[in-house]
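What follows is a pair of complexes built around chain A, which joins chain B in one and chain C in the other.
The block that comes next holds the complex of A and B.
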């Protein structure tokens, strides 16, 4: 039984085929990168896995369960969380409340208040936002919003986290910290990570496997070092070489 | 001086009830983007039920009022599940459905309860001398207090409880809330019913003072919409301020200009807001 199994999924928007039959599997506990030129269908693929919109064809299975037709809240409760390219915290709520919504979303209203409070504090401390616990999310800066989104995603006790360009807009120092955090997410919470990223240098330091999408198809996959040398990948990024 | 204080007290009472009723509309708009045109009918329904429970079943009047609100809450759950849920994403469809529902309910009331005004018994008798200047009905004072308490409880629920936090999350970003596991259908259903229950609360509080007839609902809905626009769509705090402003303006205007213009004042405020500040006092920018 595969951990995450994406089988020949297709998504069309009118005449545009955004995802044209992609299949892959992910083993648990890995950090897997998903790269590809702009418009390759990476974010669409995330949306399909997360249930934001339904696949036109194909199937998605997660831990033995069929999630192909599942709605987003159902997918989340099965253990898949995600973050966005442009962070989307609940702006009018404090960091504490943002994370609490993740806890409630996963576990419902029943549960001990004190235990929940401790859990929220732990998560905010983990991402380094403990001092901003009672600050409204709209007052946070870009990186803090991203961190808050990660804490909220972790609050839903995910087995798999889909990260969409967490490094975009960060400076070098911030990127290094973010890389440590991403490793820590996997090591401390035992979470598998599927990660879209354009900052290749940083991505290569962390991922253990790389998937390459191009024009809605899976171009190749495998060891990161081998994948980036693959002529098909170079061609997809840079255009055809003249020999 | 004595008159002014009396008018202000009246304005305050109506303002609190207007706010209470408008909070129901605002909650549903803010969370579901549905405008509930049958809001006033739910107010009337609760008024009838509270009269019925007290007079026909002989329940204590406050128990009857509480039960009436509970029944309307359940009715709200049913309406959301059967009529509103299929219209998500199509604001016009839900608008038309709730409008049709309001007509159906008005005529049902006419058929079942008849055209004559009905009221539950007063909660309390007698009157109290206020500010040492004039006597004011105890029932009205009780209504003022009850309205304020219900509003306070609502604000506590929305700000402090687990449920309130998920409701606010859904109102702010429905898609994102779903992605952290919040079932948006469940929140919608509860919020719609809660909005209906607020109309019902206003109904049972005011029915002993202003008896209900099948058509008072129209005025109730319109007033609630004016308050929501004045306070700003989706802003609960705005509803309270807007309700108080409308209550005071209507009463002072009726007293010092002419009571014939009572509804004119409401619509004048509405026009003024829409021309000068279309987002309302505390409205969100995008609306």
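The block that comes next holds the complex of A and C.
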């Protein structure tokens, strides 16, 4: 039984085929990168896995359960959390409340307890937002908003996290910190990570496997070092070589 | 504000409200009772519109449902008004559920228009089913209590209002309230965190309709006359104005708004048609200078004072 199994999924928007039959499997405990040129269908693929859009064809199975037709809240409760390409924190709510929403979503309405309060503080401390616990999310900067999304996603006790471009807009120092955080998500919480990123240099330092999407198809997959040397990948990014 | 001062203020207010019937004349007592009705209406509408962002125009219609169900039950089955109010509440809750299921998946303006249509349809039916509802003549119904007394009615309405406000406050502070605000802030993000958005929005819709049904039934039996006026858009917009001018999405806003607007409308009633104009001007001024309502103004002022 595969951990995450994506089988021949297709998504069309009118005449445009955004995802044109993609299949892959992910093993538990890995950090897997998902790359590809703009418009390759990476975020659409995330939206299909997370249930935001229904698949037109194909199947998605997670830990032996069929999630092909599942709605987003159900996918989350089964153990797949996500962040968004453009951060979407609950702006009018404090960081603390933002994380509480994740706990409520996973466990139901159980009310505030001492254990829950500790859990929220722990998560905010983990991403480095403890000092902003009672600050409304709209006052955070871009990086902090992304960190808050990660804390919120972890609050749902996921087995798999889908990270959509966490490093965009960060400087070198911030990227290094973020990389440590991403490793820690896996090492400390035992969460598998599927990660879309454009900052290749950084991605290569962390991921153990790479998937490359191009024009809605899976171009190739495998060891990061081998994948980036693959002529098909170079062609997708840089265009065909003139002979 | 220091805790001590807040508590003293609350105590003074409670005392003032308790003593109000003994120094207010008949007329102002009546105004006070109507005011309590509007506090319930605006606060429960605020729970829906201010905390989950669903601007429903059917709130007055649900008050009408509560009033007519309770009134008809009293006339045809001799049900005591207080039991009738419970029945009215239940029917309002049920209709709220049906309307909610129908239009909850639509957002924003579509929800508003559907609820507006529902509200007008209901009003037209009640207007025209003369045999049953006595149309615009209105239903003559028994008083809420066995013995007629405005003072007792005031305390009954007051107790129910306090109860409704307590329920609203505990909902807002509970996990359900957190889910409400999450859904209002960003539905997609809330769903991605395991929140069942449709259920949460539906819960808000049903809870607020139930409260409107209760408020409407008590209001009808207090007046002893139930007319389609309760379901009118006039009343709906008055409730909306109260919540907006008081401050949507705050607990105190609708209460302050109801007291302010209801008493104000009594003072400017003598100007006849012009009182509508004055209302419009106030609403305009609030939108321009205090977009968060009177409560927003107050909070800004407190912050300026403390810093």
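Criterion: the second predicted complex is superposed on the first by the 241 of 243 C-alpha atoms of A that agree within 3 Å, B and C clash if a C-alpha of one lies under 4 Å from a C-alpha of the other, contacts with A are read in each partner's own complex, and residues count from 1 in each chain.
By definition in this document, contacts are C-beta pairs under 8 Å (C-beta built on N, C-alpha and C of every residue); 3 or more make two chains touch, one makes a residue touch a chain.
Please read these numbers as outputs of a predicted model, since none were measured by experiment.
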item: Superposition on chain A - do chain B and chain C clash or fit; value: clash
item: Touching partner for A:144 - first (chain B), second (chain C), both, neither; value: neither
item: Partner chain in contact with A:102 - chain B first, chain C second, else both or neither; value: both
item: Contacts of A:156 with chain B and chain C, given as first, second, both or neither; value: both
item: Chain B versus chain C as contact partner of A:192, first or second or both or neither; value: neither
item: Touched partner set for A:88, first chain B, second chain C, both or neither; value: both
item: Touched partner set for A:71, first chain B, second chain C, both or neither; value: both
item: On chain A, the residue positions that both chain B and chain C contact, one per complex; value: 50, 52, 71-73, 76-77, 81-82, 84, 88, 90-93, 97, 100-102, 104-106, 109, 152-153, 155-156
item: Of chain A, residues touching chain B in the complex; value: 50, 52, 71-73, 76-77, 81-82, 84, 88, 90-93, 97-98, 100-102, 104-106, 109, 152-153, 155-156
item: Complex contact set, residues of chain C against chain A; value: 174-176, 178-179, 181-182, 184-186, 188-197
item: In the complex with chain C, residue positions of chain A that touch it; value: 50, 52, 71-73, 76-77, 81-82, 84, 88-93, 97, 100-102, 104-106, 109-112, 152-153, 155-156
item: Chain B residues within the chain A interface of the complex; value: 162-163, 165-166, 168-169, 172-173, 175-184
